[in-house]
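Please find the structures below.
One chain, subunit A, links the two complexes that follow: it is found with subunit B in the first and with subunit C in the second.
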Partner chain A sequence: MTNASSANMENVIEEKNQDMAISARNINVVYSTPTGQIPAVRNVDIDLPKGSITGIIGESGSGKSTLIMAIMNAVTKPGKIESGSVILDGKEDMLKLSTEQQRKIRGKKIGFVFQAAQNSLNPLRRVGQQILDLGRSHDVKDLRALIKYAKELLMRLGLDADRVLASYQHELSGGMRQRVGIMFALVLNADIVFLDESTTALDMLSQASVLEIIRELQKEKKLTIALVSHDIGVIADLSERIEIFYAGEIVEEGKTDDVLANPQHPYTRGLIRAIPKISGDIDSAEPLKGASPDYKTYQQPGCLFYDRCPIRTDECLKKRPDLTHIGKSHKVACFRVGVHD
Partner chain B sequence: MKDFLIRLVWRIFSGILMVLAVASLTFFLVRMMPGDPVNAQYNQLIMQGMTPVQAENQVKVMYGFIPKEPVGQQFVNYILNLLHFDFGQSISYEGVSVSHIIVSAAPWTLVLVFTGLIASFLIGVLAGVIAAIKRSSPFGTSLTVSGSLLHGIPQFVMGLLLAYLFTTLWPLLPFGAPYDSSIDPGFNWPFISSLFSHAVLPVFTYALSSYGGWLLTMKSSVITVLGDDFILASEIRGLKASTRVGYIAHNAILPLFTLFTLSIGFMFGGSVFIENIFDYPGLGNLLLKSIDTRDYPLMSGAFLLITIAVILSNIITDFLYSIVDPRIRR
Partner chain C sequence: MIEIKNLEKYFTIKAKFSDRKIVHAVRRASLTIPDGGAVSLIGESGCGKTTIGRMLCGMETPSEGTIIINGQDISKLRRGARARLLQKIQLIHQDPYQALNPTHTIQQMMSATLKKMARQKKKGAEWISQRTNELLKLVGLDPSTILFKYPHMLSGGQKQRVIIARALTVEPEMLVADEVVSMIDVSLRLGILKLLRSLREKFNISILFITHDIASARYLGSNTELYVVYKGMIIEKGLTEQVIRQPHHPYTQALLSAMPILKGIEKPGKDRFVLTSQFRQSEEEQVGCLFADRCPFSQPICSEKRPELISQGNSTDAYACFFPEIRDVAAVSVDH
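Moving on to the complex of A and B:
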């Protein structure tokens, strides 16, 4: 046995040993629109290791929200999950459970703050009543304790808890609503939490403090978190692992530090270069060239990033690269690993 | 609370103004009618051999004003009488006051239309929710089709159809008249059951022909709400199906609420076709008869009643709406 192959074995064993809160395989989601079938998520495998934060980043429209909705088996029409499995805690497959079993998992085991969290409340009921609705739906015995915990969370998130509980949605600001959405995802003590751009309506300081609280809660309760964000800084700060999404596929993934220190996919490099650094010169931020892929791009056989790629070759037009190991847990989908532009 | 009172007083005040405006309009309309009914009546009385003074008095009693007086004076008298709820006297029912006629016709209509309205609203709204939620299943589709069909059939066709089916083809129910005239009216069982069986067809006609409208409106309202983000959120939070249906229904019914309370106001116009077909002595029939016999005092009295009812229901709607929809509260 050579050294290299034994190192590989170790990797495999390590990956197997770490328990996965969620292990999704071969997820495919298609939106049927009048203009055609949009394959918004294609052949995606994603693991969320227990007790860790995973950041998901990618261009707008790349399918991040669709992917995490698919993991909840809550893709909305006209979308449809064409294939895949979502294994929870190494046991049941979310996509095969009965509607009632899924309902019990949603909200209770998996908290979810979705992108439109600002409109996630029933406009005709006070926040407090809706917490009670949530509790009753999940057979919470001690509703008083539930409200108490909700207040505690709201206070930690920097809100006036009593006022918020007595308010209707229209009486709260956008940022307040987002934080109320976060409270709803946490109040039943879910151990897996999805946050889809959940701090976008907040100013920098509030965002920093909300993220800090999420980090604290994650440590306290050993939460498994998947964090979707456009802000690579936020992800670098919080997450242990990072998934780079491009045009419905994962193009690079690994430990955040590894990926950011040694980005291999030209899209990842472009993404990092596109961040204006506060301290540095604003001109040093380079926007990504070219247009986002549209649904025609998906039909071509080659790499989806070809049109925008600075290091493309003709080979890239013939086949699509698969996600392959280039390090311990670092994977890239690119034929030109190691070539720099 | 203080704001609330101020608003209430203001709405009532402006409501009264509106009623007076409509009353004035009716007053001048009646006076401008071709052939001036008031003058015609006056002339007719003279021809019947009355002295001008007698005729004048008679007209004054009937219309609430005297044709020979200057219009301004007449108008003031008319309005003053109105403020005492004096609508004048009917021409066709000689010597009977308009308010008395209206008051005795109103219960027939109110029972008929109110029962029909409530029944069609409840059933239509429920069916609308189901039709929206199950819109891609055969059951949902057939509900929608039932709604469109019934909605499309005019009230009088529906009435004649039901009358044919249940009084001629299968003679299960009585036809025409509000009750069996051979029974002594009073608080006794035969009379009450006769009232009841005579009311079945008119009520059903009303209910069936308004059911479709409620169903279709509710269905489209529910479909709109189903697309709202908070419904998706309630699903992702794993709320029970019953809770979710409650959320949907509550939000979807708001637009229908206004329609419903306004229908209650319009109820006082009676249901002309149905009352006519089933010979029901309600407000609709009364209105028809007053037009037939050119009984202007009765006509303007009936119109005024509709006006007041609609304006009042409007005010009530506004206030109730601010209770059912917290976003309206100020």
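Moving on to the complex of A and C:
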């Protein structure tokens, strides 16, 4: 007991030492549907340390994108943020600001790139015009400098800047649009960037080069990045910390290599075993059993992973485990830590 | 056994208002798929891998070259005979969300094709329902819960399984699986890959697996061959595991290097490199190696002459490069 509490103390100190770009506490998001209220995100605490890349992994429908939207206070109906706080830079609470203040922050301080970048570009205006629109709506005085900076970024991203600025979105390929999306996220010097499945639609080679560019820019500009994906490969390659999301809750978090080399939650273990890998024994790979969580899963009081868990006990059905420390920065939400299947 | 010899495909597309442009989509592609064998085609989008698959299913007509199925050249057959032969080759699409009719239940969908089979075999309605159950069980679905559902009630993985079951109704000898796992959640991909593998092993169904993810090509079972396609040309081929561990062509190496590394489980190969230049559909026909403009190891001769796909010592390996060199680029497991 004393050991555990002293470990906790250490962690508290460590967390305080590192500045958080975003510190979200107790986030709850609920979707109202004809079948009842579905908690898409439940009691999630998440910290994005300044200048680091955090990866969030989850199946489709696990609520990972909703969490990002909640952090930006941009959840749309029928979703609703029930409670929580999102502290930016240890100062203001994103969930309490006025809409105008929020709008100023989104884009200027927080940049975001979505999965379908083509849907976030205006089909009727050239890319260059859209940069000017963005600048005007954020009261940028020197629009000429903005365009110059946009060009520089596009060049960095390996694009022909003049051509891109003069094109409509349909004239660009998927990979180019995704890069344009990244440029838009960075052009106002945002220091926090959310990338929501932003490389999923890309080809292998363009994905690799976009990831490489993100890595470079992050180092150079000390960006804080939250990377959301269902592809564990992308996240494992890029992020320093990793959050495993299941049915609206974080079930495991920690340093990436730590979690991957030594996964403790049965879901994390199953997920790692279930991905097609380029290395290792192919016969040891096994698909994850059971079906993805549905609305019935959310209503039970016990552990959300109970149905699919190979090491469940009766206790798991009655109570839901909390996220608890098992190492320096490694946390798991499971009663059966240490039990192997 | 299926043999494709020197297949060529040109598409004429509208370039500008009245201009027409010819795209050379497939260049002298040859491949052989033995009964119960598996071949994977790997390449970027737009490299022509899907076109090869579509020509094999009879959905495109090759501009040149021959496709021989069980010893019969399909271009020389009459229409009826060709249709019967092509029934043995079934295509599974990339997008399970669009391949099912949203107004039909799974049962309606399965029995539609089974009725035709029943007529050929002179069997009754009982055979149809029995066969439906059998096939759904085979692909890992529970018939009693799924038969009366509409496609929108199924998850992506379940839809893909239904599509495979439907393809099996006509008792095919070969499945053309075009990016079957790319739209499915990572955690469910392995299930589909294992299913394809078991179809090979149990029923001797051969598989043409079209993908851009090299890792999933490893899971199709033993003796699978990997063909790497670039701009319509096969630039390297060999046994899957061997190509991954000992790639000769720089493009294959670039693809392998592009695989993300699972930190903590894997470490990158020592010669890993990232290709930054973009894939371009060039305006003029290139004379030299198709990959020369992007290749980090290209020499002057590469843009003057095009290397042919030449078999090496043993018969399975071949690569089209003037300066082949084995580079260690694929990730390897970290030992614990």
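Here, the second predicted complex is superposed on the first by the 327 of 341 C-alpha atoms of A that agree within 3 Å, B and C clash if a C-alpha of one lies under 4 Å from a C-alpha of the other, contacts with A are read in each partner's own complex, and residues count from 1 in each chain.
As a working rule, a residue touches a chain if its C-beta (ideal position, glycine included) is under 8 Å from a C-beta of that chain, and two chains touch if they have at least 3 such contacts.
Please read all numbers here as calculations on a predicted model, not as lab measurements.
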| item | value |
| --- | --- |
| Partners on subunit A (subunit B, subunit C) - clash or fit | fit |
| Touched partner set for A:Cys316, first subunit B, second subunit C, both or neither | neither |
| Contacts of A:Ser209 with subunit B and subunit C, given as first, second, both or neither | second |
| Subunit B versus subunit C as contact partner of A:Leu154, first or second or both or neither | neither |
| Residue contacts on subunit A - larger count, subunit B or subunit C | C |
| Which superposed partner A:Ala274 touches (first subunit B, second subunit C, both, neither) | second |
| C-alpha centroid angle, subunit C to subunit B via subunit A, nearest 10° | 80 |
| First (subunit B), second (subunit C), both or neither touched by A:Asn122 | first |
| Partner chain(s) touched by A:Leu132 [first = subunit B, second = subunit C, both, neither] | neither |
| Smallest distance from any CA atom of subunit C to any CA atom of subunit B, in Å, after fitting | 7 |
| Residue ranges of subunit A in contact with subunit C within the complex | 59-60, 158, 175-176, 203-209, 211-212, 230-234, 236-238, 256-262, 270-272, 274-280, 282, 285-288, 291-292 |
| Contact set on subunit B toward subunit A in their complex | 228-230, 232-241, 243, 247, 250-251, 254, 324-327 |
| Subunit A-touching residues of subunit C, taken from the complex the two chains share | 44-45, 155-156, 185-191, 193-194, 212-216, 218-219, 244, 254-266, 274-279, 330-334, 336 |
| Residue ranges of subunit A touching subunit B (in the complex, touch as defined) | 72, 74, 76, 102-108, 112, 114, 116-117, 119-125, 133-134, 136-138, 168-170, 181, 184 |
